[in-house]
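Got a structure here, written out as structure tokens. Questions coming.
Chain IDs A, B, C and D follow the sequence of writing; residue 1 opens each chain.
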């Protein structure tokens, strides 16, 4: 692998992490969706670059799926859901933006430290890529945890999944990447459909606004 | 090399897949139920043939001594559950909880689930295994929500979200394993083939394996139902149809456990990686004690036994975490016995809930008076699950506790504490349900006690007499598991 | 065919009988058939055990391809097993015989009959088991069968709680034994008793095994503070089952303790006998004090079981201490005392429970406050009960005295201990044993006097009739055995010789060689006792006095109203009741033992309201140990239960937290 | 063989002696007490006359009393008599003395008390119950005290067999010991309590709520009462003999002694009884009866003394 290709993929992966931070920073839903579309674009670029570098044409499919599905269809669909369900357009935080960013930084540091323990003979690209992918995964999960809105949780989940795709694409020669990305797209689609179908307007927790606090298992 | 040789493996995959397709278009629940049963039985027979003719393993499929145990157990319980389901589901139709359309969907999904589970069990490719487990999750999500009540949909939703996150973590772990394998095994399919991995794993990068195991343990551990990742499990068990509860507890948890075991083997084989045992033992103990406490506050009979599943999964994972021939043997035995017992309990509970028209424990009283067969079956089942002799779980708990105390006494104390705690809770609830003045609700049930009797009979037999071939087999597998 | 095969065959037949009983339970003669079959089988078991014991047979072993496959189900019959088989089946024969008549009054025979033979089989199998798995399997099976019997009358208030506490405590005991066996078997899983014997564990292991066995067997036997289930469960079962549970099952627990501690675990340090002694003495005292306070006849008997088990464990603790100090003869004496007392207690406690059952049958009452005057109405039952009460009060010439006498003789050897703590502790234990014996006598004056003497306190007691012949024969046989064991103790001591030899490695003097059928624990100049002579003496002098007076003086007799210092009151309520009888002792000892509170409301003269008197007792052990456990479990479960009602986001946080924590551990891993 | 016959004769002689002397002893105590109170008092042989009078009378049995009520007097008497026969009064090593040791003697007395307490409950009157219940309480404290005393004695003499103990005490091997003193005091306390003497109980009282022994036998009359009275007289004699043989074994005929020695021993024994009876009378007149619930303290003191004695013995042995 040449220095240039290394640098480019590194850059793209780093950009993905940066966009993840941007996602955490948003406090308007529409802005959040736009940033997410940006992340999908970056992911798609990154995967395409890997396809080019690895000479693995099937990865182009993954890139295309990412671009079409996550950068266009899902954001548009979510836009419409927000509009249709009349969802409150602010992102509700459990933890303030500042602490969230700090936690995000700590998570990135953690993933770098964990990855650094991988002995040096593993190739550097895989290592760096994995560090970034792990960061994206952790940041995505962080987002799911610290954001209350259903939509932002879906976005967090998709961002988590972007990290996975990044890792899978970066793993040179990994089979089934396309299948996995398709499978995940199905999962994401279900999620979005679920949000829509069950009218999960505000919270992720209850399937119907009327059912809010009504059903709690066998609470006593 | 044929990727898809026509043999037993094909049979256990093709049969449910084909049946699922057929059932999706077959009207009339009676015929569907029968087809379901027959197909499940055929699958069981096909799986049993593995004992005689062990299919060759390829890059996609693998049949070795470890997964034969799982496959045969799975297909057997799937068959008995289908028998139970046939007698159970008619009643649901009568009281209008389900429509014929739902039933068609239900039967198709049932077979699809069997397909997914069988696929996960025979997959030699860790990626394929992941796909299969995700599929199994999705089918069960669909079935948990089949009643379309708020509660059911909420349970399904919770299951779906938590399951998806778990599955995502598992995928990341799978990718990490591939990354670890790639420099040694080479790129491409080989890097995901378990049989290749296990041969070369001593050379893998240990740090990557460690990291991978963390993700896999959490990812598949969610599906196993280990605390603190268990949250989906009780609701999913309680709100779906009872046959699905039986399948979830008796089968799906095992499939996830099987995945964990496969990766544990990988880690064990690498001398420099962190031993996976302590992590598993810790999660096991935590699950056991946590579930034991939770048992005390249950008001819903199916949730009660769902928590008991968490507890037992904790014990099993603990046993495998301890390792060694005795504990591994005990783990395998416990898993087998738990599947049989727990599904039998759910069969009984299904009939009880139908008879009494409620799942609330407080509204179920005096079963031994009003429904002697159900009442005593429940008693026997709970005794079995609580680890009382002469039933099979006693044997495995005996082995787990004694071998643990001899090797790591400080671990045996919380183990025993958890066991007694859980025992106390189960019996407390059992006594209230089985004895005393019977509560109103005397609907006759079309109970088929055959599956219950078959399961409990096997469990009873295992407590008294384990056939030597089975023992030899388990011992062999236990040695394989280290 | 060896005796062992016969015994196992009978056990298998009992199990099969249990299955048959499920079918025939509701038939007309079903109950009779089941009890008759159980009687026959237990007689065979009794004969087998006695043959092995009296015939001084060598131990025999047998392996069946059951249980854990790589070791099989091992069984062995040696002197210790044979003795306990004899004891157990003595009780079982009596209970089955009694059941022939008593079983007719059972309302739910299908809840009793299948489990009765299963219970008997379980107890017998425990005694024969020769590996840890078979032992625990039978042990827990025994618990389960008896639990089912306790739950037979599940609709009566309190019985469900009794069954629950019982089975949880049984599970605790099993777990303790499980740990003990795990320790003795080692990591490789040498579960056969033979392997454990050969393993010769270290002193530390032996000590830990001893403590675990004390907890495990003790919880089944009813040692304080693990006794709480016993007074709940034993009375709840049908009376002949109570007799078995109290008289016999506790002996199986004693057997378990002896087997583990004296046979398998090897020698422990003398220090470990101290807890056994202390727990035994405390149990005896607590048991008898509770027994004195109870007003339910069967509960009195159940608490008295706890007391007697305490005494047995005192003797076992002494045997341990003597054995550890190398005082063989003394160890054999203490062990013999323990075994003898086990036998005696099995006899008289079974007798007493059967008698209580007869009272229950005749009157439908267990509360002593509703009984009275039964001796006139049920003279035969009353006489047998009197024998039982005299025996359990350790009064010569009956059997209870002999074993307690042997125990005191063993205690009197304590100055020979080389260790100071034992030297000082043992006399204190001796004083407690004497106190316990005296309290037991008071307790049984009360337990016999209130229901059987005086005037009837209720219409049911007034109308009581003698019970059926089967019951009377069962009680009579036990009463005769009590007397025989009391006047021929030497024969029993000699029979126990191989058992004590195996357990302690030493012998008591051969009693058969001593003239006049006396028994001598150590040496004749030191102490001796002759039950036969004392019996003949008492009988002769009483007859002599009676006949002399009748012949030489008056034998006229006149019935008249009671004198009562000139204030006879026709109302039976003015009699002393069970509560008032124990009031002086309650005031002296109850204050700190039960935190007894008495309150008296005496209206001033002229006021019309009735005076009232209340007292409240609390069980400090229940308050100090069990209530906190219940509170902690409840509290924790309530707190943890909140975790089940989080939002999905919060669950995800938990998963996320777990992930981050594990990654941190990985990052920090050396 | 002749030895055996001689032994048998002396054993029977002793049994007759105790039964013959018991009323006399009671008479002596009553007389002495009366004289101490400046009363004339009944003649010494009054107890014999009382017994004979009672025995000749018709026995009145309460309605509803059971058969137990009628046999208890004989059982009580027999147990007490057997116990008394086992005590070496004037000679050790009598024929039957090996058939029971001190513990058995205590237990025999316990049996007597057990049946008497049952008899108290039999008629179903409040006084009977009162007596039984109090007797039971006293017994529960007196018995352990007694056992502790036995323990001290056994520690010193190495035996619980009274003949051996007495022989040991008579020998020169035993010096003056603090332990013995404590045991003596404890034994006296127990004896006072067991015989229902002042300050524990008043044998001369009726119709008083504090009565214990008399309350139990309230319903007895005629020959039954006579037998019970005789048994309680025997019991007093028994305790005095016990104290005498253990603590003042002088003049006791040791086993295999000549007939002359034994007769001499018998004479000395009668003197000892007389002295003890007078001392009892003095003691009883000089103190007041205590409340029932003070009795446990009184008996507890005996228990403590006995225990202390045993402890001191350990200490003195270890110093040796």
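Assume a contact is a pair of C-beta atoms (placed from the backbone, for glycine too) under 8 Å apart; a residue touches a chain by one contact, two chains touch by 3 or more.
Note that the coordinates shown come from a computational prediction; the quantities given were computed from them, not determined experimentally.
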Contact distance in steps, from subunit B to subunit D: 2
Chain pair with the most C-beta contacts: C-D
Centre distance in Å when subunit C and subunit D are each reduced to the mean of their C-alpha atoms: 35
Gap in Å, rounded to a whole number, between the CA centres of subunit C and subunit A: 68
Centroid distance [mean C-alpha coordinates] between subunit C and subunit B, Å: 44
Where subunit A and subunit D are represented by their mean Cα positions, the distance between them in whole Å: 98
Subunit C: positions in contact with at least two other chains: 641, 644, 648, 652, 655, 659, 663, 666, 669
Subunit A, residues touching no fewer than two other chains: 114, 117, 141, 144, 204, 217, 220
Multi-partner residues of subunit D (at least 2 other chains): none
Pairs of chains satisfying the touch condition: A-B, A-C, B-C, C-D
For the subunit C and subunit B complex, residues of the former touching the latter: 65-70, 111, 132-133, 136-137, 140-141, 144, 151, 154-155, 160, 163-164, 167-168, 171-172, 175, 178-179, 181-183, 185-187, 189, 191, 633-634, 636-638, 640-641, 643-644, 646, 648, 651-652, 654-655, 658-659, 662-663, 666, 669
Contact footprint of subunit D on subunit C as seen in their complex: 372-373, 375-376, 379, 382, 386, 390, 393-396, 401, 405, 408-409, 411-412, 415, 423-424, 427-428, 430-435, 437-439, 441-442, 444-446, 448-450, 452-455, 516, 518, 524-530, 533-534, 537-543, 545-546, 549-550, 552-565, 568-569, 572, 574-576, 580-585, 587-588
For the subunit B and subunit A complex, residues of the former touching the latter: 125, 127-128, 130-131, 134, 138, 150-151, 153-154, 157, 160-161, 164-165, 167-168, 171-172, 175-176, 178-180, 182-183, 186-189, 191-192, 205-208, 211, 234-235, 238, 297-300, 303
Touching residues (chain side subunit C, partner subunit A) in the complex: 641, 644-645, 647-649, 652-653, 655-656, 659-660, 663-664, 666-667, 669
Subunit A residues within the subunit C interface of the complex: 94, 107, 110-111, 113-114, 117, 138, 141-142, 144-145, 148, 153, 203-205, 216-217, 219-220
